[in-house]
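Got a structure for you, written out below as structure tokens; questions coming shortly.
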Amino acid sequence: MKFLSELLFKHSVSGDETEIAHFIFDYVRKQSSIWKVPPEIYFGEEYHDCLMLKFGVPRTAVFAHLDTIGFMTRYENQLVAVGGPEVIEGTRLVGRDSKGDILCRIIGDEQACFHDLPRGIDRGTRLSFEQNIRVDEEYIQAAYLDNRLGIYNALKLCETLENGWVVFSTYEEHGGGSMPALLNFIQTNSPIRQALISDITWITEGVEHHKGVVISIRDKYIPRKKFINKLVSFAEKSGVPFQLEVEAYGGSDGREVQFSSHFIDWCFVGAAEDQVHTPDEKVSLFDLDCMLRMYSFLMEKL
Amino acid sequence: MKFLSELLFKHSVSGDETEIAHFIFDYVRKQSSIWKVPPEIYFGEEYHDCLMLKFGVPRTAVFAHLDTIGFMTRYENQLVAVGGPEVIEGTRLVGRDSKGDILCRIIGDEQACFHDLPRGIDRGTRLSFEQNIRVDEEYIQAAYLDNRLGIYNALKLCETLENGWVVFSTYEEHGGGSMPALLNFIQTNSPIRQALISDITWITEGVEHHKGVVISIRDKYIPRKKFINKLVSFAEKSGVPFQLEVEAYGGSDGREVQFSSHFIDWCFVGAAEDQVHTPDEKVSLFDLDCMLRMYSFLMEKL
Amino acid sequence: MKFLSELLFKHSVSGDETEIAHFIFDYVRKQSSIWKVPPEIYFGEEYHDCLMLKFGVPRTAVFAHLDTIGFMTRYENQLVAVGGPEVIEGTRLVGRDSKGDILCRIIGDEQACFHDLPRGIDRGTRLSFEQNIRVDEEYIQAAYLDNRLGIYNALKLCETLENGWVVFSTYEEHGGGSMPALLNFIQTNSPIRQALISDITWITEGVEHHKGVVISIRDKYIPRKKFINKLVSFAEKSGVPFQLEVEAYGGSDGREVQFSSHFIDWCFVGAAEDQVHTPDEKVSLFDLDCMLRMYSFLMEKL
């Protein structure tokens, strides 16, 4: 949990993933010596703030996005959303500009949203929810479980993974944009035909806490039925509890796999949270554990 | 008409095109021996549920999408749209889940839409309009003329085609996604500079039944004027009746040609229907015949 | 100014950029002999109506779009927008169809918009604002400063540019579509890692006339923070006045760099106008001069 806690305190509002990418790169360099298979590591300016790990001979890639939703300062104390944060008056925001550290609050609502810092803030400064991690026997609650838990899952998977790509993407919360280049690199370097999206989804009337990891049959976009059927049949054999999701809205890095220049099947597999995109995102620890176990199983079988 | 009738009874809601793709593949294998030029056939899991036929040395590709609009079951008898079906209470839907064949009706409207099957339906099951084909001297009326007539047109074209790609795509009704990979394959294998979209458009105040095949100057997206001018000047020489369409909305596989990584001109050429995306789509047999003749002519001249 | 004036009188509503592309190609052929470095020129049908100039060994590409917003005739005197023109009743529109030159006026509003030409106009004819150029000591005012000034800036840059791509794109006002193919060509021919978008932005409560060229921290899409920081630190060293923009809406060719299959950083750098997408777009001559000087500086340093 110490590593997850460190991860949760990093700032990485879309477009500003440099720090978290370096943090994960350092972790990978230190830890990978004790992993079952040491991966080839692709990291550096030529990949922007993304990180790719290749284990053995990949058939499947796992994608976890590094960025979070947040805000950007505009003119005269206005805030502009990055991704789709919930705008709740009074919510504490943190950041840093040329004048130093920032702690302020949201004033207003989605239509017109401001910060309350008397000194003003440099134009284009990114602000994110103040972090407050709460863990009990059943739940973890914090800002940015979406997608710090997806990153955490991907890194835990690395410990035993024999064959596969584990890829950390950027910009997912704000329309995407790194996925096409990542897929282009992967398909040139060591191509795959399957992709799993390691991300966090929503509690709804059909998806509940403590009922297992979610396998998504669709969100706004629709994976190929043939692949979902194959994946679900493996999931049934895994013995790991899971729930099937059918949504009309929402998206993930899977969207960009779908629209890529390559025939790659994809599916979203991840735990569900409520209070989405607030400082109080909440995930069942049982569901998180199911997510970890399901990824280990699927990456071996697929 | 027997073949068209069989085609119309297949289910292929977006993402579930496996059955119809195999049906067409079988047809092509049997029929292609009597075609003027036998095509190279690209089919199989590496192309998902798409099918590509290469005749001679292609200059132009014809694209026809295999999928249809429909519904997917969510939780508690809710239905979620696939593509943009008209939601008309009482409409009969068919499908199949783990418990067997399904025949049910739509309850509600676009805002909140349900099925009425007492036994419940597995999550994520695809449902489509019950088929009812009606043909008289002037019209064919049925569900899914969009795009079964586009497929039919493409397959009739194959009988005499000497040079060109004929490509069957997936997912068109739900945002697309196979086109980038198809274009990538085509441009690597035997590149083209022109594309025709074999699909069905709308009857409007400017496009009428029995006035000929439609050449679309634009829908939501706009093909290059220079190519449209060239195409229309050939169309005028063809002697085949045609109508020019100008729309602000709607899209086709042409959208993805436009946004591809390749300089490929495109144009939508197809018959028009009314009662779009209902079980009662209606196309003039004269317009369909014009479509078949126009494609033969254009694919020779372009 | 004579050249800019000629440029402003060309018609190039999206999808119909052939004439202006040839005009610029002719200019480049004549002028490039006296430029500091003669570029390699890529032009012709295989690139549709785009034009690419390669100077030396490029690290950065400059993109300027050739097209303008406008209208297209539909049925029964209806007009359909191309891009997002302001619809103001009485505005004079010009164009040409099979019956000759057209001068008419807009009737109606954005919901329902017509022309008033008694003779009717061929379906799918493009109309654009009648040009009226006004220059005083402080301002230039005309239709289509967006993006004739971006083109002008790119061509002035060519005079002294040593290393870089200067690229003229199409379709930007209507959703784009040439950028993916342009980027594909560039990355295959002589790849770059940085892109500047030479285009015109908006006067807002935070961006004013006479305050210098605008460097955009974001519009609807968000460039990478690390690149913006680098660019702004160069801009500070340039001594050229500039303003930082933060918007929630709007887009540019930068959007398609962001979503391309390549890791290319991008930023919008251009003067601001008011009365956007009307016949009366207005730009400060001082800001235009800052734009020219900033591009020279940045292309040398980046």
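Lettered A, B and C in written order, each chain numbered from 1.
Keep in mind that, in the parts below, a contact is a pair of C-beta atoms (placed from the backbone, for glycine too) under 8 Å apart; a residue touches a chain by one contact, two chains touch by 3 or more.
Just so you know, these numbers come straight off a predicted model, no measurement behind them.
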Fill in the blank from the handout: By label, the chains that touch chain A as well as chain B are C
Problem - Copies chain A and chain C - rotation angle from C-alpha fit, nearest 5 degrees - result: 120
Handout entry: Copy pair chain B, chain C: interface residue numbering same or different (half cut)
Key = different
Fill in the blank from the handout: Taking each chain's mean CA coordinate, chain B and chain C are separated, in whole Å, by 36
Practice task
Identify all positions of chain C at which a residue touches two or more other chains, and write them in rising order.
Solution key: 261
Completion exercise
Given the complex, residues on chain C that touch chain A span 193, 204-206, 217-218, 220-226, 228, 244, 246-248, 258-263, 265
Exercise for the section: Using the touch definition up top, name the residues of chain A that touch chain C in the complex. Expected result: 14-16, 18, 45-50, 72-76, 80-82, 123-124, 126, 171, 174-178, 180-181, 183-184, 261
